[in-house]
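In what follows, structures are represented as structure tokens.
In the two assemblies presented below, chain A is common to both, partnered first by chain B and then by chain C.
What follows is the complex of A and B.
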């Protein structure tokens, strides 16, 4: 089992770095935004590999969910013109239909191959309990300051984009 | 699970950080620059979590900092997009080279 963690690490690292490169290199800004979401998703996997499951959860919730959608809203509202013609791959539809059952079979085969024979009992709650103790006890004051910062950012964003006279 | 060395995570983190830095320096679209800043923040998060999980004591300080970074990133992207939209309304472009004047 010693090779599984490095293998997963290499796959996730490739996703993260390739997503980041795609953000910088892709000419179409929508592609950049979606690549950023992919990179964030790979990063959540790296957090889970490090044993920080709660951080991975927040990563999916905040980065992949909220920030990517917010960036896409920004792309939409700034109305960037689509560059060039439809550049879809020729076999994209067929490849999509072929890939999904292949992946399903792969996942099921992996599940049956591993058959959950791990005898390591995880600590219930994972890293959530020490994290919650740290945030709400040792760092309670910075936590409150952070909420004030979020409120200020929200009001500031509304004030910045509010139209003048209505 | 501890078989991946710490240095590998730091290597990925610095790779992503400098990809983001290159994007900030090279791209001219303001929204793409915001995305690259997010990538850099995320790379810092990975370094924080990696050091925290491998070197820290019982208190996961690095993870706490990462939560604060999430707050900063959310605030940054909200205010940043608001500024981009305000500038876009003033002068319909998101290319940072073409935004000469910041007069309201």
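What follows is the complex of A and C.
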């Protein structure tokens, strides 16, 4: 069974890389956004493979769910360029065909990665309690600095986009 | 409770940023900008008092080793607070003229200062990294604050893209260090590296970390973003971003090299010396050809990076080498932020930083700012009796002691080059007459105060050098074990 984990890792890594390539190569921004979701999904699988279910869960919840949807909303609200002539490069249609089964394999692999880790000893209450201890006690200082960073980024974003009197 | 006392200056700066935003909501009318400035200056004053030298009796750690409070921390805390203070002084009138969102500008500036202070106190790669991000991300925003100005947009975008890129490289290097030693704490890394020694993977980690931090400090050949970012950003922002992030990058380099990488006993001399020589020469040579004084100062700040790196290279000369680095960082911070502030005296609608020709005859139109600018330029050149002279001496002598005679020669030649383009500005101000009609100078009392303060500090610290130098020596002590 020793070869299964490396095999799954290779498949997941290939998905992450293929998704990343597709983000850059696809002509439409919606396609890029969806490929990014695929790449994130592969990352979630990698986290699951490492036995970090909480992170894998957050990865799916935040990155695959929220951020990808947010980008799609952003694309929707800003308007996409009208569909004109087919400006796809010669290999992009084929790449699209290749990506669909890859995504399917990714989902399957993620499921498998999760099930193969079921022998890890689970603490009562899940791993949320250690998470809380880490974030609010052991790593309290960097965590707080990171929250100030988010505040600063938020203020900065508002300062850059708000409609002022200029 | 002890933990909170350890970060008192940081808490003061954070609180000040929050209060600035609330005051922006509460106060309306013509006094709003002045009220915001006063709040920010008062908050920085409190933070400065909390971080004053001599408070720390014995070095200690807090927050599970994430925070290290020693004389090194205090030195950089005070430096960053002073720089933020001058930047706030210089920003108000400029922001009012250009209708920049002033409260957001001040708050973002304070957050960036907080990030720089966090770098100085970090005893752990995680703190170091979030501090670095907290310092740089607000500066991306600050650089682009002049939204309708395409140059400001260019500055923000270039700084953001290359900054994000270098951050990724640096973080990857940190990941390698963690993977090799199993610790993110600087002393833990030192312990881990003591047992592994210098292996191939360690070299990979070192290369990634060096490249990442060289980007942040704008060391040649990782300086490409600097001129456009400094030139396009609003001038008060340029003043701040040319000094604080650079000093913080060197604080990070010293902490890493002095504490975490210390057991490797690598001879950094040649690598850093070559980088230093390249950096100062390229910065100076390109600065010679600049018709815009703002751009000239941007390139010359690259040259000063080279001098600071020369001090890092001279580490073998003993403790005085890194004391020289700290002294140079402090002196450079004061001189350079003052020089950029002096450009704001000239700021009028429609000009984008002063062209050399705009400075013609400034001595007659504005005698006091011109005099202060002259003092700062003399200090940047490195002539006595200014602090810039001693800064050059304190990195020059260790370079000689470390056996880097060739580097010392290059430093001296570069100082001569720099004298040409710095003193040319003085010639334009005092000896040439303006051509055609000149625009009226905008009233700039606060900017004048900022320029005056830095000019006076340059002379006072140049004559009465010892307190700052002995403080730099004691601040360098904790990272030299």
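Here, the second predicted complex is superposed on the first by the 106 of 166 C-alpha atoms of A that agree within 3 Å, B and C clash if a C-alpha of one lies under 4 Å from a C-alpha of the other, contacts with A are read in each partner's own complex, and residues count from 1 in each chain.
One rule holds in what follows: a residue touches a chain if its C-beta (ideal position, glycine included) is under 8 Å from a C-beta of that chain, and two chains touch if they have at least 3 such contacts.
The shown structure was predicted, so the numbers you read here are calculated from the model rather than taken from an experiment.
When the shared chain is aligned, chain B comes close enough to touch A:36, but chain C does not.
When the two structures are aligned on the shared chain, A:146 is found in touch with chain B and with chain C.
Judged by the touch definition given at the top, the superposed model places A:155 against chain C, while chain B stays out of reach. By the touch criterion defined above, A:138 lies against chain B and chain C together after alignment on the C-alpha atoms of chain A.
One of chain B and chain C touches more residues of chain A, and that partner is B.
Of the two partner chains placed by the overlay, neither chain B nor chain C lies in contact with A:60. Where the contact sets of chain A with chain B and with chain C meet, they give residues 138-139, 142, 146, 149, 152-153, 156-158, 160.
Of all the residues in chain B, the ones that touch chain A in their complex are 1-4, 8-9, 12, 15-16, 19-20, 22-23, 26-27, 29, 31-32, 34-36, 38-39, 42, 45-46, 49-50, 52-54, 58-61, 63-64, 66-68, 70-79, 81-86, 88-89, 92, 94. Across the complex, chain A is touched by residues 3, 7, 14, 21, 62-64, 66-67, 99, 101, 104-105, 107-108, 111-112, 114-115, 118, 124, 126-127, 130-131, 133-134, 137-138, 140-142, 144-145, 147-148 of chain C. Residues of chain A touching chain C in their complex: 138-142, 145-146, 148-149, 151-153, 155-160, 162, 164-166. Against chain B, the residues of chain A that register as touching in their complex are 2, 5-6, 9, 13, 16-17, 20-21, 23-24, 29, 32-33, 36, 39-40, 43, 46-47, 49-52, 54-55, 58-59, 62-63, 66-67, 70-71, 73-75, 77-80, 127, 130-131, 133-135, 138-139, 142, 146-147, 149-150, 152-154, 156-158, 160-161.
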